[in-house]
Every structure is written in C-alpha cells, then in structure tokens.
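What follows is a set of notes on a single structure, which appears directly below.
Order as written gives the chain letters A, B, C and D; numbering starts at 1 within each chain.
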C-alpha cells in the first residue's frame, strides 16, 4: 500500500484550501486606496490562515516522511484532518468580513483546535502502526509545540468572552511559534 | 500505458469535488450563535457527502492498486465515474439549502446510485482486462457491500415518497457500513 | 528535463477545468421536478463539455506518453493549449444559460476550434523535437480524426448563421467520433 | 527530504491560481457580439496574467530542477512565493473590471513586484543551501532578466502617476521578455 497517492490527494486538498481563501478578496468597488483599505481585515485573516495551512502542509510533509505502510486507520485519520482543515476558509471568511467579532473569533479558534486534535489522532495512528520505537515516536516524545498548541487554542477560545483581541494575539503567537521549522524529525533521521 | 496519471487526475478531481462543497458554507450574516446555527443543515449535508467522497477515494485507491494495464475502456469508465461524483456537490447543496426536502433527497439518492453503478462498470472493465483469476476478481467475488449498496440506494430513493427521513437514515447507514475499511483486497494481496 | 511535472500541472489544470463547470449547476430555487428541469440546458452543455475535456485529457495522456525530452517550445505550446481549454467552462456556461442561442453556439465552436489548433501546434512541437521518424510522427501520419475535426468545427461555426441546431449536432458528432479510443498510438507502440 | 511533494504542491496551487482567474469571465448578459465585447478588458487582463503565471511555473520548474535537498528555508520561501502569486487573480480582476484604472494598475504592479522579490528570496535560499559553486548559482550569475524585471515593475508602478497606459505597456514588455525561454540553466546543465 503506497503513500504517494495519500500525499498527492492531501496536497491537492491543501492546495485548494489555501487558494479558495483568496476568493474572499472580492474586487473592491472603487478604484482608489480607500476601496482597497476596506479589504484590510479580510487580507489580514487571509495571511494568518495561509500561514496556518502552510504550517499544516509543512508538518504533514515531515510526518508522512516517516510513514512506511498506509493502513485504513491512517487513511481515515488523514481524511478527518482534511475535513477540519477544509473549514478554515469558512472561519477565515467569517472573521475577516465581520472585523474579528468575538463569536467568529471563538469559532475560528474552535476550528484550529479541532485541526490540532485531528493532527494528533493521525500522529497516533501512524505511531500505532510503526511501534513505539519508530522515528516518529521518538520525534514527538518531547513534542512541546504539539502539546502546548491545543492548550493555547483553548485559552484563546475562552478569552473571547473578555475581549476578542486576546484570542487574535494568541492565534498570531501560535503561528509564529510553528513558523520556526521543526528540526526534531530532521535531526533524528540524520542521526539514524 | 501507466496508471500514475489516471490516479493523479482522479485525485485532482476528487480533491476539488470534496473542497468545492465547502464553498456552500457561506459566511453567516450575523456574528452570533444563531447565525451559525442556520447553516446546520448545510453543514450536516457537507459532512455526509465528505464521507461519501472519502469512501470513493479510499475504494478507488484500493481498486487501482490492482490495475496493471490501463486500457481505453478503463480510462473512460473512470471518467464516467468522475462525472457522477462531480454531481455530488450539486445534490449536496440542494438538500442542505432546502432542509432535506423530499425531491432533493430523491435526487441525492439518484446521484449516489449512479456513482455506485459507475463504480461497478469501472470494476468490471478492470476485471475484463485482467481476467477472471485476477486479484480484483477474487476480492469482489463475495462483495457484499458492493452488491447491497445500490439496493439500499433504491430503497432510499423510493422511501422519499413516504417520508424523506427514511432516505436520510439509509444514506447515513450506507456511509457507516463503508467507513469500516475494506479488508478484502488487502487480505488477498497479503496472501499472494 | 523531465515530463512528470508537465503532466502533473496539465492534469491539475484539466481537473479544475472539468470540475468548475459543475459550479454552473446552481441550486434550483424550488424543491420539485420542474425546478430541476429548468437546469436541463445547463446540464446538457455540462455533459458535452465534460466529454470534450475528457477527450483532450485522454489524447494528451497518449501524446505525452511518446515525449522523451521536454523543450521550452513544448512547455509553451502546452500552456497555450491549456489557455484555450480554460475558456471551455466560460463558453459552456454561455450556451447553457441562454438555451443554445446562435452567437453563444458560434463562440463555443470557436473555442473548440482554437483548442484543436493549439493541440496541433503542441503535436508539431513534439514531432519537431523527436524527428520525423518518431513514434508520434508515424501515429499522426494518417490522423484522419485530427484533420477532420477543425473542418467540422468550422462548418459548425458557420452553420449557426442558418440554425444553431446544426452546430449542436456537429459538436455531438465530433465528440462521439473521438470517444472511440485512439488505437493508433497504442498499436505502433505495441509493434515496436 | 524529497522535492517531489514541494513541486506537486506548487503545481497544484499554480494550477488553481491560473484557473480561478477564468471565473472572472462571467457569462455575458446578452447573446450577441456586443455582450461579449464588454468582457474584452477582463479577457485581456486574463491573457496577461495567464502568461505571467505560466512564466513563473516555467521558471519554477527550471529552478527546482537544480535543487537536491529541500530545507525548511526553501519550503517557507516557496510558500511565500505562492502567497504573492495567489494575489494575482485578485489584482487581475481589479484591473479587468475597472478598465485598467490607475490605482488598480499600481496595485497589479505591486503584486508583480512582490512576486519577483519572493522569487529572488527563494533563489537565494536554494543557492545558500547548495553553495556558491552550484549550477543555479552559475546560471543566475549574469541573470539580466531577473535583475531588470523588478526595476521595470517599479518604473511601471510609478508611471501610473502620469498615465496608466505606460504601466500597461511595461507589463506587456516584461512578459514578452520572459516568454523567450530561459536557456541559461539548460545550457549549463548540458555542459556539465
């Protein structure tokens, strides 16, 4: 059972997800700077979500690199992850079109949280197939970023009760934290 | 004649089909929970169709695994399958936007039925090319799920005459039946 | 210079072209059979164009099979072909939404004609690179279908002056002619 | 770390970018030549942007050909390039729908400029990984076209202050300059 098609299909879905978000940037009604400026919240939400989908693609790429055998469990855990990722354009459009209002920000965080949960389920499925001594198992052993992210999403979601700006700051911080490339898996592979 | 491009093209079409359905989830007009709640029927229909397309991708992946030689017949049977699958987003939007009304539910079942028929035509084309003793031929020999599905779709279609809720339940049950990964082909390949 | 990426990119564009046409099938306004029936012209134009794009994908697949070296000329001739193919969804929507009116039918034929011309340019670029004794050169030597198609498109375009139904019949006949799988290239490859 | 998935993902995004631009060509309201003629500015802007995305795909294809090891830096520089390229459909729609008005033409040039900058960043990341004696490093040594393009974009952007027609001419000239296939990398690879 080869993993090429799993990667190709995931790449296709991720490429579409990342690109349909730009359809939210509708043509401005006027032809001056002010007309463009009105799109600023939508643009900002696009940048943030583009980075998040990029992070998932990047991590997915690294994680799949360690997979040797694709089981039914991995296939469906992967589709489950793609399902939640496919809701990012929806949540992105909502926060962008409504100036980062509290409940849309809450929902955006919820989608990110579910993406994180789905990513962990996929990771566990892969480790289950490969055994506890696998490359991936070692790599995620001290997975600080993977463990702290869902906690931060939860804090962000709850913080929308006080002010949505807190959640916005947390979403940006988590993205920045992940932008730093994940050296863990690369290192262990190099050491083998 | 290699099968890589057939798989790549099918993956591309399936990835787009699965992702354009999410475009139906239009941005809510308000920013509260009630505004989101109005999208619930569209969300439910999206989840159901996402699972169906996922099942087709999964089974297509398994079936193509047994193909060695791509003939013109297989190419066109595959395009025929993709045609009916491409109508799933349309039928999904219709049932979602009109609260699962009887005739849209009838049409949704009809599209699923035609997808099932097209899948069987493709399967027969592959078996015809490979001979009766092929891996796939053995695998589908006792293909209970493949044989019962069209019957269940037909029952679901007809049941919309009495109440659309019956068809809804059947669509969910068939999806659940297929979610259980198809071990048949995997087993026979392992035994070879 | 490898051809895999050329094929992958072309497959991606063709997969998107074939799938965005289905976006024209907008959700019916009602929930009965009459509401669905109104979409019939759009559905018919979708079926026809789906077959045309399928034919191009199929033939492209066969033709690329004979390519060994991708030159700049082949790259751009391929992009030129994709450009004209990308206009098929536009022409399809126009004839479907306006009940096959004469000028849209004229335009549809023009797009098909330009696709055919672009396909021939790509074919010539490939033959030029491979020499007159190449597989492809032999295969297209007696290329009856390739030579008669542009003539038929021209006749169809001009016939819209009298009645658009003539052009419609010709578009269907050309599609049927191509649906018969192209055995020429397959045969010569097998004979080598 | 293999580059196949990086190429596949980039191809997917580029294929979608190039194809969603055609969605701007909305069905004409009438069925005569005048109705079609109204779309002429949108069509022209589509042709121009199609060529630009084609150029980027072509050059990306050549540049990636020289990459042996994909680092985190290359991954993110590539995503950064895709981000700016994904804004081309937006800028294209704006100039097309507003008859090439000055500020949209300014913005179109800005997006092209940023694409050029992002392309150079990616190029530098690749050279950094491969060392100063790499194939790519030699190839871009006298990279006249790569160095003059950003300057020309800047001139075009500033020229919109006087008249937008100047910027339009420059955008066309830069596209034509790049249409001539880049023989540099091909040559050096052949000489090795």
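A few remarks follow.
Everything below uses one rule, namely that a contact is a pair of C-beta atoms (placed from the backbone, for glycine too) under 8 Å apart; a residue touches a chain by one contact, two chains touch by 3 or more.
What you are looking at is a predicted structure, and each value in this text was computed from that prediction instead of being measured.
Because chain B and chain C carry the same sequence, their contact can be compared by residue number, and under half of the numbers here are used by both.
The angle of the rotation carrying chain A onto chain D, fitted on C-alpha atoms and rounded to the nearest 5, is 90°.
Ranking every chain by how far its Cα centroid lies from the centroid of chain A, the top place goes to C.
One finds 27 Å separating the Cα centroids of chain C and chain D. Distance between chain centres (mean CA atoms), chain A to chain C: 38 Å. Shared interface positions of chain A, defined as residues touching 2 or more other chains, are 8, 12, 15-16, 20.
Of all residues in chain A, only 1-2, 5-6, 8-9, 12-13, 15-17, 20, 71-73, 75-76, 79, 82-83, 86-87, 89-90, 93-94, 97-98, 101-104, 107 touch chain B in the complex they form.
Residues 7-8, 11-12, 14-16, 18-20, 22-23, 25, 27-28, 31-33, 36, 47, 50, 54, 57-58, 61, 65, 179, 181-183, 186 of chain D are the ones touching chain C in the complex.
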